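After this come two complexes, each holding chain A, first together with chain B and then together with chain C.
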Partner chain A sequence: MALNLTVAVASGKGGTGKTTVSANLACAAVEAGYRAAYLDCDVEEPNGHLFLKPCLSHRYPVSVPIPEVNGKKCIKCGACQEVCQYSAIVKISKTVLTFDNMCHGCGGCSLVCPAGAITEKERPIGIIEKGSAGGVSFIHGRLNIGEAMSPPLIKAVREADQHVNLTIIDAPPGTSCPVIAAIRGVDYVLLVTEPTPFGLNDLGLALDMLHELGIPGAVVINRANLEYNQLAYDFCRERRVRILAEIPDARRVAEAYSVGDLAYYAIPGYREIMKQLLTSVQREAIG
Partner chain B sequence: MKELVVISGKGGTGKTSLVASLAAMAEKTVLADCDVDAADLHLVLEPEIKHSEKFIGGKTYSIQPEKCSACGKCFQLCRFGAVMKDKSKPPVFKIDPIACEGCGVCGYFCPEKAIHFEESVSGRWFISEARYGPMVHARLGVAKENSGRMVSLVRNQAKMIAEKEELAYILVDGPPGIGCPVISSVTGADAVLIVTEPTVSGQHDLKRVIELVRHFNIPAYLCINKYDLNLEISNKIEMKALEYDVQVVGRIRYDRSVTSAQVRKLPVVAITGSPAAQDIRATWDILKKELN
Partner chain C sequence: MFIKTINLFKKKPERVKILKVAITSQGKTLESKVDPRFGRAGWFVVINTNTGDYRAVNNQKSLNANQGAGIQAAEQVSREEVSALITGNCGPKAFRTLMAAGIKVYYGTEGTVAEVLEQFKKGALREASDASVDSHWA
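Our next item is the complex of A and B:
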């Protein structure tokens, strides 16, 4: 058994089954003897806990540094405004205003201030909760409501050390900064799609993203359906990407999902699909 | 003129399918696809591009090796791990464009002024003539930042079209989640239509997305897609909506014709007689009254 494998589950399009695949894969990994962790990096809308139902044991806030201006020391020179690329610190007539939501925490303003008037303070953006779920180490992040920037919290979820040998990352949807933060540096990515025009269009974007990042990956077809599968087969052949699993479309799968039942235990045949997928991932990722 | 933004929290609840159908029913409408990460509305509405422009999303920084003295200042100051140092002696420093957040601290403090920047193209945006009227859409480059700013741009362009052509509605297909592009999609809108589904995930995410629109003080309406998939959870969602004072304007039945419409590049309402089409029509009837 290879040590320290990190596999991310991503998709481009939302709602294709990332959480389903990653949570069930975590169950298969534990059964196969791995010390496995499930990391929910969809910090805007984390759902993994609804299926894995972890027993949470730790909880802590995650903060980003933001500037604090000491009005007495400030000489109103405007150097801070000049260095800030995000309009998060602005000199307006005789005062300097900060816009915390815009700040990326680069530290430029406090470095540049000639009067030493800018210090940094911590601003909480969300929390991390850790626990365990049937042998799976569980970690998720929850972004505070109204908070725009999720990448620092996503990075913190990934840094929460778990001493495992298989890490499964449940990524957010899309192809921009939050996803990049969730999948950068992983060993392998599973892209979950559905055999529909929307699913495949966004799969194409996700494949471009993997290519850009230089991460190997393969496809899982969820809601596989005899009527439309050919669309996905043709697409994947054209894009030269392998399909590692097909999860059949069925109303009872949707119903099990609706109440938070893990298909791994609830739906006959699902366990075998997931075990097979785990074997395929091991083979593909380790080479 | 009313701007209605369709969002969901959880992805894949049916935002785009619903927007395509609303577009087919609403008269005098401009469409804006603000899911700039993974835009899909064009797959149904088949827009013909009339105008296309680059989107400058930020700056790209690079170290000019001939000027670099390998002092390591940039490496020491960058908080995003974007300055890479190799093992040669003296080390060679490089900027990783994907990790770079464009803060410019490296360039500002470089004693040799060895860090060069240029405006970077983060994507493209388009004004098109689509099946049911004008449409503004965009494509954010892969692994690029600033989706929030691109969303604002798409909304502004749509607004300008609506004003110029005296249109009645701006229909916005929003992104999933509650973060930066969603906040950019909803701030200042006349109303938000939240699309959810009766699943534990849908229910969980709905609560967060309702709190988000309340945080920004935007009137919200709710549509429950796949309503009959789990009536018990649908009821719980209705109770929650009541508690938050959000009116339920749509209850759409679970219907496979939604997928077949998508495959045929048609809005669901074009599949006459399908349960989902009937329910979407009823949703628009209520929503139209509410908006005016």
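Our next item is the complex of A and C:
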């Protein structure tokens, strides 16, 4: 059995089934004897807990360091503004303005300030909750309402990972900074897609992202249906990417989802699909 | 003696104060259309209202910024040492930055840069007391 394998479940388009795949995969992993963790990195709208129903045992806040300028010490040189990539600190006439919610917390301004006028204070952005769900070690982040700065919280969720040998990351949708924060450095990525033109278009963007990051990955087709499957097969052949699983489009899956049941336990046949997927991921990732 | 004292209080002829105005513009000339956006405006036409001289300042850096375009644009306008800015809309961060720079903001978007300048000179534009649109971020 592999040691310390981290697999992220991502998608270009939203609502394709990342949480369904990652939560069910975590169950399969525990059954297969892994010490598995499920990390919900979709911190803007975490929903894995609705299905895994964890008993939470720890909760702590996460914050980013933001600059506080001492106007008496400040020599108005503008070095802080020069180093800031996000316009979170700006020297304007004879004052220095800071914009707290623009700050990514890199600490650059306080490092370059020649007058030592900048100190850091903490700005809370969200919380992390940890617990356990039927043998799965459960961790998720909850971003504060109205907060735009999710990557620091996502990184904190990943750092909260406990002593497990298989980590499954439920990534946010899309291809922007939060997704990068969730998948950078993982061993393998599963891209969940629908076999529709819309789903495949965004799958293409996600594949470009993986290529850019140099992370190996494969595709899982969710809501597979005969009418559209050929589109997905053609697309994946053209992009030279493997399809590791097909989850059939079934009303029973949607019904289980709607009441927060894991398809893994609720629907016959689903368990086999997930076990098979786990085996394929192991084979592909360890290769 | 009395007359001399009065002379002391007599005002010296003041140097004519230069009033520079920046107008957000879609192009580089006075005939260009006003750009209703501030942070992501194409150009700033900076005009000396006494002499009528003007020059166009490129806003490329703010246009390409991922975030904070309004702050950067305000910073750039303040470098031009203008006392007033005329634009269509202004968000809260840009407005705060412009206030810190002591730049008055006027909203006016109808027509060309020259036309808006004329309205400004006639006092037909209202001075903004607040941002006109919400933040794109939080």
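Rule of thumb we're sticking to: the second predicted complex is superposed on the first by the 272 of 287 C-alpha atoms of A that agree within 3 Å, B and C clash if a C-alpha of one lies under 4 Å from a C-alpha of the other, contacts with A are read in each partner's own complex, and residues count from 1 in each chain.
What we mean here is this: a residue touches a chain if its C-beta (ideal position, glycine included) is under 8 Å from a C-beta of that chain, and two chains touch if they have at least 3 such contacts.
On a predicted model such as this, the values are computed, not experimentally measured, just so you know.
By residue count, which of the two partners contacts chain A more extensively, chain B or chain C?
B
State whether A:159 touches chain B only (first), chain C only (second), both chains, or neither.
In the superposition, A:159 contacts neither chain B nor chain C.
Please indicate which partner A:68 is in contact with in the superposed arrangement: first for chain B, second for chain C, both, or neither.
neither
With both complexes overlaid on chain A, does A:112 touch chain B (first), chain C (second), both or neither?
So A:112 only meets chain B here.
Between chain B (first) and chain C (second), which, if any, makes contact with A:95: first, second, both or neither?
second
A:122 contacts which: chain B (first), chain C (second), both, neither?
neither
For A:87, decide between first (touching chain B), second (touching chain C), both and neither.
second
Same chain A residues contacting chain B and chain C, which ones?
Shared contact residues on chain A (touching chain B in one complex, chain C in the other): 86, 146-148.
Under the stated contact criterion, what part of chain C meets chain A in this complex?
Contact set of chain C toward chain A: 65-69, 71-72, 74-75, 78, 93, 96-97, 100-102, 137-138.
If we count contacts the way the header does, which residues on chain A are in touch with chain B in the complex?
It comes out as residues 12-16, 19, 42, 44-45, 47, 50-51, 83, 85-86, 104-108, 111-112, 143, 145-150, 172-178, 180, 184, 196-198, 201-202, 205, 208-209, 211-213, 225, 228, 231, 251, 254-255, 257-260.
Residues of chain B touching chain A in their complex?
8-13, 16, 37-38, 40, 43, 58-59, 77, 79-80, 98-99, 101-105, 108-109, 140, 142-145, 147-148, 175-183, 197-201, 204-205, 208-209, 211-212, 215-216, 226, 229-230, 233, 254, 259, 262-263, 265
In the complex formed with chain C, which residues of chain A make contact?
Residues 81, 86-88, 90-93, 95, 97, 99, 101-102, 146-148.
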